[in-house]
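Each of the two complexes below includes subunit A, the first together with subunit B, the second together with subunit C.
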Partner chain A sequence: MHSFGQRANAIITFSLTIVAVICSLASFSDNFNTPSPTAEIEVSNFNWFQKQRNGNDEVSLTLNISADLQSLFTWNTKQVFVFLAAEYETPQNALNQISLWDAIIPSKEHAKFWIHTSNKYRFIDQGSNLRGKEYNLTLHWHVMPKTGKMFADKIVKTGYRLPEEYR
Partner chain B sequence: MDWQGQKLAEKLMEIFLVAFAIVAFVVGYSIGSFQTMLLIYAAGVLLTTLVTVPNWPFFNRHPLNWLDPSEVERHPKPQPTAAHSSKKKATKQK
Partner chain C sequence: MGWIGESLESIRSIHIRQVLTQAVSLGMIVTSALIIWKGLMCVTGSESPVVVVLSGSMEPGFKRGDILFLHMSKEPIRAGEIVVFNIDGREIPIVHRVIKVHERQDTGEVDVLTKGDNNFGDDRLLYAHGQLWLQQHHIMGRAVGFLPYVGWVTIIMTEKPIIKYLLIGALGLLVITSKE
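After this line comes the complex of A and B, so read on.
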């Protein structure tokens, strides 16, 4: 500590060590938050449902999504990525997941929302399995913190069924 | 900066930084603002830098008092004496 440079160096290294410590503590404090998010998803209409020329089934649907994800936000949350996936079982695969819609929620004020939309990404099965298929709509989210650990969770909504016939 | 000053500067730096970190974390957590935490801490680092990095006069209150060169003449360096070495030999021969 005998020179200007040595003291400057000491203060920089020690202060950055402390920054690392308080960022770890901030990430740790997220564990005390017990979120209670809610979501309602309604399929209001099947716009069309057809077999593509290559044999894959494709369906277009209209969704009503309402969710309250405000409790996911803490002081250490940068944003929340949320996506809606259709999940169903086929003889070949126990779990098929197709992302239908997604969004980035930048702040707590935007975390309680209601949206009426057709599927943002195409709902195509790799095969011809969709007629009369029962499927789940699952709202997944990833909580992206300012520092530290990322959290992910989901709400599964069951009991949706596709039409028996192409239209 | 003298020896006592260096010790004081290091102590002050540690105490200041840790104290500001605690205050920043508590305030940031309680009002729920990460940005406020970082701003308080950044202000703390800046203040600590101003206090401990420059060579302030209060770090120089305990100067080392070197002896005056004239002392050398008054206390000449002791020379190894012949009598001393002969004594040693004498004991060995016993």
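After this line comes the complex of A and C, so read on.
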């Protein structure tokens, strides 16, 4: 008949297969969720704006961010990582992306928020191109699942402009 | 006397056949594991398609012992992506998030700054001395998928080698002694 080893082998293989199938089904079920997040971003103040000793421009600003990301959450969502990036083009660089603020949203209850903050990471250019520079503020989010595939998307807000003079 | 020699001969040949079958089945297991690994390398374009998270610097997103699936596509690196990178002079690859990107107009080269979600500051302290940015060649891949807990097997095996040898011994014994 069947030995102990054979039975143990069969049970372990079977249970692992079931777990793998359930995990992939859970990840697949995320595809049926069509989120409709919204965001408003306002730059309320430029705290200071100067040229560093090494020639790079640096600006400090205060932001009002309000967003509703509740629709991103499904039963397979562990957390949503959300961050706000300034994006602009300079003669030297085709794209500059600078993260200004980020947060981890652990649950759906915290996914509708309003925050008034100065930039968490330094807004430094590679060079001296920031005076009067037009830039986009983009709210990015990364959905981290309990298991399976990760999702990412963004909302782009255009038409922001930095001051013409250092202050 | 003839039939004794004959039967001895047949026993010997059975024995040889059995040994051969076992050797072949052992070889099959090893080579199929190798094929799966190399196949994943081809499909994902990353030199190590699966990595185990070793530190808590990305908590609560990734915990120690979680497994990440990497992908290395032609698309340029963008802020927010979770990348796995190697620092010159450091053996262990690091899994962190990109927070700043500067992409050159003429060459398309990128300067990238990373940070662990759970760390207070950015990664400049982890980089080689005097290094301010990561370049494309430091980056092994970006994380696209996630599986919790499975990596504990490898962590336990690297930290307690005895368990690894016991496991390999037991498996080897099973393969050798199996009759079918």
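Brief remarks on what is shown
What we mean here is this: the second predicted complex is superposed on the first by the 164 of 167 C-alpha atoms of A that agree within 3 Å, B and C clash if a C-alpha of one lies under 4 Å from a C-alpha of the other, contacts with A are read in each partner's own complex, and residues count from 1 in each chain.
Quick note on the criterion: contacts are C-beta pairs under 8 Å (C-beta built on N, C-alpha and C of every residue); 3 or more make two chains touch, one makes a residue touch a chain.
Note that the structure is predicted; figures quoted are calculated from it, not measured.
Once chain A of one complex is fitted onto chain A of the other, the partner contacts of A:115 are absent, as it touches neither subunit B nor subunit C. Once the two complexes are overlaid on the shared chain, A:94 sits against subunit C while remaining clear of subunit B. In the superposed pair of complexes, A:126 makes contact with subunit C only, with no contact to subunit B. Put simply, more of the residues of subunit A are touched by C, taking subunit B and subunit C as the two choices.
Of the two partner chains, neither subunit B nor subunit C is touched by A:156.
Using the contact criterion defined above for the overlaid structures, shared-chain residue A:146 touches subunit B and also reaches subunit C. Contact with subunit C, but none with subunit B, is seen for A:104 once the two complexes are overlaid on the shared chain.
Of the two partner chains placed by the overlay, only subunit B lies in contact with A:7; subunit C stays clear of it.
With the contact threshold set out at the top, residues 146 of subunit A are in contact with subunit B in one structure and with subunit C in the other.
Listed in rising order, the residues of subunit A touching subunit B in the complex are 1-2, 4, 7-8, 10-11, 14-15, 18-19, 21-22, 25-26, 29, 74-76, 146.
Interface residues of subunit B facing subunit A in the complex, by the touch rule stated above, are 1, 6-7, 9-10, 13-14, 17-18, 21, 24-25, 28-29, 32-34, 37, 41, 45, 48-49, 52-55. Put simply, subunit C touches subunit A in their complex at residues 60-61, 78-82, 97, 99-105, 108, 111, 117, 122, 143-148, 174. Across the interface of their complex, subunit C is touched by residues 5, 23, 27, 78-79, 81, 83, 85, 90-99, 102, 104, 106, 121, 126, 140, 142, 144-150, 152 of subunit A.
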